[in-house]
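Down below are the structures I want you to see.
One chain, chain A, appears in both complexes that follow, with chain B as partner in the first and chain C in the second.
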Partner chain A sequence: MSSTDTGNGIATGPAATPGRRAFPAAPASEVIASARRAWLTYLGGMALAFLPFVVFVNDAHWLNIIALTYLMGGLAASWNIIGGFGGQFSLGHGVFFAIGAYTTAIFVTRWGVSPWATMIPTAIFAACVAMLISWPTFRLRGPFFAIATLAFNEVAFVLANHAESLTGGPRGLSIPFRAGLANMIFRDRWAYALLMFGFVALVIALSVWLRRSRLGYYLLAVREDEDAARAAGINVLAVKLKGMALSAGLTAIGGTLFTMYLRYIDPPTLFTLPEVGVKFALLALIGGIGTIWGPLLGAALIVPFENWLRSAYADSLPGFSLAVLGLLMVLAALFMKRGIMGLVEDLLKRTRRKP
Partner chain B sequence: MSARPVSTPMLEVRNASKQFGGLRAVDGVSLSVQPGEIVSIIGPNGAGKTTFFNLLTGQLVPTEGEVRYLGESINAVPPHERARRGMGRTFQIAKPLIALNALENVMIGAFLHDAQLGVARDRAYAVLERVGMAHLAARRAGELTLSERRRLEVARALALEPKIVLLDEVMAGLNQAEVGTEIELLRSLHAQGLTFLIIEHNLKVVRAFSERVIVLDRGRLIAEGTAEQILNAPAVIEAYLGAGHAGRGAEVVA
Partner chain C sequence: MDIFLTVLVFGLLLGGIYGLVSIGLNLIFGVVRIVNFAQGELVMFGMYGGFFAWHWWGLNPYLSVFLVAPLVGLLGVAIQRLVIQPLQHEPNMQIFATFGLLMLFQNLMLMASRGEAYSVGGQVGSTVLEVGDLKLSLVRVVTLLAATLITIGLHLFLSRTMTGKAIRAVTQDKRAARAMGINVEKTFLITFGIGAALAGMAGVLLTPIYSITPAVGGNFILAAFAVVVLGGLGSVWGAYLGGLIVGIVEAFAGFYIDPVLRSAVWFVIFLIVLVVKPSGLLGQVGAEEVGFREQH
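Entry: the complex of A and B
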């Protein structure tokens, strides 16, 4: 009876809500962190990430691990742009990584071009390839998309093995040691570590920017619900393609740096899933998928841990490190859906709520 | 029907049908919505309401006939483009972006007109105030109640600054007090000049605020008129209650 009565009231006036003003509304500027705070957090986080470098700057063994951690952190953060923010669980990022690696190696060995000069065009090339192969794949949702990207990785592996004139096939390509800043080849490991740090700093800066941009919000909307995204006027395919292009381009830059650090690449190094395509996703998953710091955090934990596992069990239990990582991935997927960053957030929330 | 203004209708459906294999879910339906109107579409379960709604939003394309918006056929226009042109919508099962807070949910809509975070944020906040949800701005959408989620969807649609809003059973599952608040909100938005097309199962709700009601049954349009006319139309009572209940329209609403 009372509900029909509501229909006969006055047709004008603002919508009154019972119980509104129950507690004062936070101003909009407090609900979304200010740009200043976001960039201060960024600087703080990067300073923290730089600390191990300062501590171990004279230790070649640790510098190697630190350089790889920065590199893998940057690659996982690149993956996170489409895999985390955009929710498109790609396992085929090895392809873009390899594009960066091979293009650089080919230009350096054949024509002596500086990797600094090829890095950006290579990234753009990888972004174009990524859009081309993603176009049909993005029609697939969830696990089907992941499987399709997995297939791309395997196809690229076979192609790289066969295109001997270009990639050197199974023999691979090696880059002669000619030290110099212009060649991106250094005598000292600390220079490589610094280079990798620059890479991860760039990718995370882009993530901070993206998370506060329209494209970033659109990627999140696409991840959360494609139909709702469309209802908000979002061209879902275009947003996915843009996110993928950015992610793939950055991954290719990581491939360039990786090549110049190792100075030798071959198909197994670039396409072995647990080392490359799946690794990026694993690090982001463990650290906190879809968060800004998760991928680097994941790398900081897993890369040194894996390194230790490998050296400790290489002879007695070969492949043991893979088994442990696989187990970790399953545990993270089951019990820590939002990764370590999710745990940290929950803890912060709990302590804040306490009076 | 009574004389209507001859201006271009905001939304017009001309003889639209949708065939799924052997099932004709929507069968030759025509209607037009004038600027500033509130039109409701009702019908018993399985009447083809949702299919018809999906033809309007672009989720489905009619097998025959056409959907026109502002004098132009939009049969080939995809859903996101319809939203860009000013057709806001909600979903029968609310689709909040649960990992984002309420303000960010509305910002997703507000970004359509401005790429700047600060502008989209303030605009979204103003929309939340307009629907009485500003105090929930920081709350994760996943933690909102059903009625708050529904309202958040309305807010997200409003952030597009739409010309027309298509509502798909926004009242379903709400208690009486919530339905009352919702009706009040829609009325105030209508008073501000917004056009609505509403799919609703509940006749009570329709009677409370709709100017014109269209009844679908088994995919066909069986009646059109004011709420009072509709509630007493024998065809409608038959559709809802079965044959032999003429004159018991009041019971449907009671």
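Entry: the complex of A and C
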């Protein structure tokens, strides 16, 4: 594979479009890997991700952070499906997250339905909503799409505040503590961490599958050059919609888990951009947008770091943790567009070239 | 009928505020197509500048605006040079970088002020004009006037001066502009500086109306994007019109539907316009593509 190949099967010359390629190419090894190798890498990576759980299994403080890291990693990886593979920068994933959270909370509190039962129908519902609102907005390109999704997030925020009979409005909804596997409420923190690990393992497995599937290649083609993809006979809108549906459905599952973990939700928790919609994208950016492991890697670095910043400076310097995250975001956009995965890949390339 | 008129006038004055905060973004996003999510924070800096000028030196905001706006403009030049210019061709990374700036500025201010809200005291903010039966807040009338004057000024600047023409040329085709001897980088710096200064100006002029908090920029940023897109990208008068529309819609929705839903209503209108006619009300067809096409 020559160095001018982008690794996506779409060869472009070295002089071509530094501008348009806002997205890093996936590491070359992923593309040539056989199915067996891809799944072995998956197992190895997940085993590595499981390690902190094993080490801290008796430490409630760390288990909380680990559970949150797995959850955010899974959510960032869900965003990555349409944002990274598909190149559609949604900042409105808070909407799907909130659909998962509210639907589950409403069914649990009103009718005592088990969250396990609501999880999949909720995800399908969120996927349908996602397709419905994306169908018109997918006409928009680049920043216009991002702004439109941001507006959806705001509309949903206002509606959630307004629909008091359904969402509890600004007071929010809280779920009574009734421990039990069927209720998805646990006394022990390790059970939550395990649950979140299951979520991120599912999302990354789907990413591995997607990356090797026809739909995955179509998404990459759309990301790289929408017009060329269309000219090559790809139904661009259908591909984007499928990617969005998958991404939104998984995000809604994350919302369900989040609700059962926190047992209290209100509009600011679900729609605040730096904490939800933009956070998913930020974690993916830090780790490496459009890569399989980037989102989890980003979460593994940022979630504990932010947690530490918060506990260390929340009283003395309010806002310090978000200021640091903001600065990191600027620096990553400027100097680390391909995230940590990109850095690693560059290092590997450099060492390989040396005899 | 009386109530209708009152709501209409209230909406017009509110539209003046939206128009005013959108003028800077209209130049930065509407004309040169740089995605700047930190625009609301530039307005916020203008507000703090106006407040401290009043607090320390007793300067009236309508005087200190001539000091604060250029300072915010300088900050804008620095942002353009350090952050935007390296990301000139990457709108998606501009989204990340400027959203990062938004978080950074907002929380730096939170750290500095410790969340305390400020407001400029004095008589100005509460003066009321009586026209017939209508009671008009003086500062809001001034805001609408300022928005109108600045829009006229910007229109003249873009259409009559060489710098203004250079700005429009750079947007349409960087390469051709460069071939005509226009310094593209300098033009972008100037544009972003002016856009930031206009945001700062808006901030100072709004100090008598709003209480000043670090998060105040959040009230404006989506509104500003909505106004710019609604009015028509690249159209100075479109943004003015967009501001008035948003203000009037918000006033009527707030009064006749539900105050909680007032912003949702114009968001939905904004989304519809974005999808049905992305070039906006007064924008040329295809205006949304200009500046995002492949250019080097």
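Everything below uses one rule, namely that the second predicted complex is superposed on the first by the 324 of 355 C-alpha atoms of A that agree within 3 Å, B and C clash if a C-alpha of one lies under 4 Å from a C-alpha of the other, contacts with A are read in each partner's own complex, and residues count from 1 in each chain.
Going forward, a residue touches a chain if its C-beta (ideal position, glycine included) is under 8 Å from a C-beta of that chain, and two chains touch if they have at least 3 such contacts.
All of these numbers come straight from a predicted model, not from anything done at the bench.
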First, second, both or neither for A:Ala229, with chain B first and chain C second: first
Touched partner set for A:Ser213, first chain B, second chain C, both or neither: first
Contacts of A:Leu51 with chain B and chain C, given as first, second, both or neither: neither
Footprint overlap on chain A, where chain B in one structure and chain C in the other make contact: 17-18, 20, 22-23
Contacting residues of chain A [partner chain B, same complex]: 2-4, 6-9, 11-18, 20-32, 35, 212-214, 217-218, 220-221, 223-225, 227-236, 290
In the complex, chain A residues that touch chain C: 17-20, 22-23, 87, 89, 91, 136-137, 139-144, 146-148, 150-152, 154-155, 158-159, 161-162, 273-274, 278, 281-282, 285, 317-320, 322-323, 325-334, 337
Contact set on chain B toward chain A in their complex: 57, 59, 78-81, 83-84, 88-91, 95-101, 103-104, 107-109, 111-112, 115, 117, 120-122, 124-125, 129-135, 137-138, 156-157, 159-160, 176-177, 179-181, 183-185, 187-191, 204, 207-209, 253
Residue numbers on chain C that touch chain A, as the complex places them: 35, 83, 86-97, 99-111, 114-115, 214, 222, 225-226, 229, 258, 260-261, 263-264, 267-268, 270-271, 274-275, 278, 288-289, 292, 294-296
